[in-house]
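Please find the structures below.
Consider the two complexes below, in which chain A is the common component and chain B and chain C are the respective partners.
Presenting the complex of A and B:
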């Protein structure tokens, strides 16, 4: 369990700001205590200071997980978000995509979202921006990257991909052992 | 006659000292003459064993040895310089080896790679028909070299190369470099197999080394100043080689950030976030175009609403013209100049 290097902190916040913009600050500055990011075996955990102090008594080799895993750094030093971060990021999401009930299952199986499955999209979503995917009943389903901007979406074919799949809550079942 | 009797008496006395060569056993012994081994499966005589243990065991050993020797005498004998010799049959008992089984030779780097990727060795024929020379050319050897010379009597000058450059010399140079590289790799494989530490050689030839090698070289070179590269400038988008801590001065493999208090860490993190959020937005063409399209659409929809059905009959004519390039108003750059990204 170690602090993130400056380089990695930067990469992490850059990635987070793609989804929640300036709301990243709210993750760091919380009224209910001090929260921080910690790194263990290339995985990034979001932990409250209190939990962290308790976890310090456990030898790092025995510690499997602590707090919430936000994602991991790949071997090429890129940050990848995990679904587990969804609960923290969804309330602050800047651009959102709502899926029609018929397209929900496809997304939860790890597929991209075609135009035909798009229920609603928040205005002024840019191309390749990080988005949070919701069901029509406002249940956050996962993360994606907008393949088309809002304006382009209007004129797209029903089969063109509108949102690239990145992470979804189906992974809790599909990729149980990789999450943590 | 006295002498004869005496000798007979003596020999009888002698014979009494020695026991007979025939030994009675309930069960036959098992023999492995190759290793001079006899196994006696008969039970001990418990009474004798408890009464006079030593004598009994000595007798038993003698009897069994006698039986073994009897077996050996049955083998065909030879006489070699006054000595009677027997050739023992091959041994039947398998003995465990004294030394451990030798380890398999460690794979070379290529063999390891090929194994991982499932690359199989292809058998190449020793001779191949050369269409150009109209003869059979061997895979390697002096005849192959001769054929190569014969074939490459003229060489093309690549389009981007210096026309005065000697392509033949270049080819020879490239060949010798390949050979020496192979030799280096061979030696490195041997060193790896024998677990000898070899000093690093650095970047060999910038023309043929990989991007990764060059990046490593840059990273190490930058750190190799008196101040361990602290004051070295970075190029934009320059990446540091990773996994080179062992060979970079002043770097340790496991560098840990010093512990700080939670509040201080928070303020540090906030500063980083600020710097990310306050980055000067670059001119985003995508965004500008999207905004433009959107404003146009809004205008159109407003127009539709205001004009209502009146224009519905002549709409076809009015909107039939396709927009032509270069006639619209430009909003952004006035043209020319360098692209600012």
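Presenting the complex of A and C:
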């Protein structure tokens, strides 16, 4: 468990702000205690200080996970969000997409979202902005990047992709091994 | 929501009460008119009288009629004879006649009814109504004729009687010879009908058929009854199978299982005298093994565990999968919302029962339950009903630090997090790197954020982390309770596997206990659970932990489930073992499960003794008993010993380590003062009844309530030790010991250890303590005078009030001897310790007691010196008097405590007895 370097912190927050915008601040300043980001084996964990303190007694080799894993830094030093971060992205998301029930399953198998599967989309979604994908019953299903802006979506062909798939909760059973 | 969870065998609802309609109705009662006339009625007294009168009257009538007939030869046409009779009767005696009349009317009423309408029939009607009327007419004609023949004596009543007689005789005949029934039956029928022959011809075809049918049915019934008898006979005669007799089909095996169990349930009656019960059981075992495909070993275990009837149920239930249950993740949703969402997806579900607020039973689902969007979003976890029990027993609270020592795949751990509402810290550990990934996945899916997931050997966990408020250990086990889930258990397990399992379980449990902080304000609880039903992996492990650590069993908080075993075969577990809970597939429709909740009351780890020393001790016990007493008491005591051995020995282990402590008292003292001042020292005080503990310790604060239990346990030890001291009072030892130097004594002490037998003596001694007190000073004087060595020992006794008191015996002689030899332990260990204590005590200032002690300890040292230097007798005497006084003072000062100890000791004894 080590603190993130300046560079990595910047990368991380840039990435997060794509999805939750200025709400990133809320992750750091919480009323229920001090929370922080920590890095272990290139994985970024978001955890309360209290838990962190206790976990420091565990030898790092034996420590598998602590708090919530947000994602990992790749070898090329890019930050990749994991689906496990969805717990924190969903409540603070700036732009959202709702899927029709017919398209839910497709998305959960790792496919992009076509226009035909689009139930709703929040206003003023920009192109390539990070979006959180919901089902029509407001169940967060994952997140991705908007392939079209809201305006473009209206005129798009039914088969054109409106949202690129990045992570979905289907990974919990599809790829349990590679979650971290 | 609508229905309740169906947890009985075939998913049927179990009725709670008798229900509205369960009131038992009376057997149907028929009106007298419909009942058979065959049964003679019980006549009341008056009826009998009337009957007698009737007879008389009838006779009188006869005579009258005879007279009449002689008088009136002219025959009158009579339509109804009864009427005539009534007329005549009424002529003679109207009041009595009434009854006869009514009776006759009654018997004839049918005929009358039928006779009357026949008159009004048209010709057409006559054509098809004729036969019946004819019968009746014929009958009535007959009657009339017969009556006329018999000069009107016979009533229609009598005729009826005749008929019924005829019929009954037929029945009897037909019953007698069944084989010829059919042929003869018909014949007889026609014969018997005799007069009715022509009537039968007149019967409608349908009626004829029905008669024939009835006859056939009767025959069939008879045959069926015969067959039944044969069957019963064959069942009773179960032949013991010979060894070469092999069974071909599973059905036959099953049949044989049933037969053997039937025999075993009523063994005295149904057994084959040549074969013993074990022969039957062997066959049963092999049959069960083949039928359910278990290996012999496991089946053997199950047969020892369950009574026969339950065994079959258990095996059957183990074949069937338990219902699929899910647990709502209270971090993300509520049960009602989840149920609604799932119902919308075509899932048929119900709440699991009253005992859980998060459980749901899934009866059927159109979608895979492990892949619905709700599952992926972490709204529920697929988890057996039994897996919720340990967490409920653990009862985690918010803001606690909780450990799950063997957590994969994280079902129970996430349940804990749910109950804690993501507050506090949850440590989830598992030793398996692959399975720990499931924990990671499940925790993130379910939104558990307060977790630390570790992967290490649980046995080493206390090295890294301690001070948890609660710990859950769902130990790895043989899985004999979840055979339905994993059939491989049936054949893959043997003795070694179980041994391996329970060894690991014991170590893990001790580790879990060590991790928990007893002083936690909210917790200090450990829950141990397995999915095995074998007592080796459950009660035995708990029993082990009870002996090895300062823990006690507490209520699990689960209001159902069967109690854990206190006695199982030759094992005798701790009596509180009934606070644990067992769950069986056949009784609770859950996986076989075991849950025990422990409360840690002290962080001290009692020092462990080697197996070797334990054995030594046991050997010593026998020696001790022989030394101790004369021949006759020995026998008695041995018996007692046998009786109490169970109780005492199992708990002797706990005591032993503490004895061991005594030797290393010095070192321990230091350690403990460092560790845990108040509690541990108090405990030590209790343990070391020699009174060698310094004033410092006594000074330390009041006892915490949790320590009370410790005390109780320790008291036992104290008692043991004190009795042990007595043993040395035998004359032989005495002589020897006088000569032997302190060091030698010390060695002896080490060897000799208190035994169960010694405990037995305790009662008597304790009861005499009062007497002893009186006797003590006197004796002590004697002892002083006698010898230097004796003096020395006496001094020590005097210094250790508790011990000396317990040591006292009413018999003066014994007392003296004892005094001389008593407390070799104390004397031996005393030298160095005294010095140390002196230092301690001088350091410590404060209460009077402490001051007293310091002075005493000084005296001790003095006395020591005296011994070593061989001071003349006068000095010795002086010293003795001085000591006596000191001793008395101390005794008075400390009177409260030793008394208490004794009392508690008694209590403890009683407990021991009950055990």
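We adopt the following convention: the second predicted complex is superposed on the first by the 179 of 180 C-alpha atoms of A that agree within 3 Å, B and C clash if a C-alpha of one lies under 4 Å from a C-alpha of the other, contacts with A are read in each partner's own complex, and residues count from 1 in each chain.
In this text, a contact is a pair of C-beta atoms (placed from the backbone, for glycine too) under 8 Å apart; a residue touches a chain by one contact, two chains touch by 3 or more.
None of the values given here were measured: they were computed from a predicted structure.
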Fit-or-clash call for chain B and chain C when the two complexes are aligned on chain A: fit
Contacts of A:10 with chain B and chain C, given as first, second, both or neither: first
First (chain B), second (chain C), both or neither touched by A:138: neither
Partner chain(s) touched by A:67 [first = chain B, second = chain C, both, neither]: second
Spatial angle chain C-chain A-chain B, Cα centroids [nearest 10 degrees]: 100
Contacts of A:22 with chain B and chain C, given as first, second, both or neither: first
First, second, both or neither for A:157, with chain B first and chain C second: neither
Partner chain(s) touched by A:49 [first = chain B, second = chain C, both, neither]: first
Nearest Cα pair across chain B and chain C, whole Å: 17
Residue ranges of chain A in contact with chain C within the complex: 46-48, 50-51, 54-55, 57-59, 62-69, 83-84, 87, 104, 108, 135, 137, 139-141, 169-170, 172-173, 176-177, 179-180
Chain B to chain A touching residues, read off their complex: 242, 255-257, 259-260, 262-263, 265-266, 269-270, 272-273, 276-277, 284, 286-287, 290, 293-294, 297
Complex contacts: residues of chain C adjacent to chain A: 341, 370-371, 373-374, 376-378, 401, 425, 427, 436-441, 443-445, 447, 449-456, 464-465
Chain A residues touching chain B - in the complex, by the definition given at the top: 2-6, 9-10, 13-14, 17, 21-22, 24-25, 28-29, 34, 36-37, 49, 77, 124, 126-127, 149-152, 154
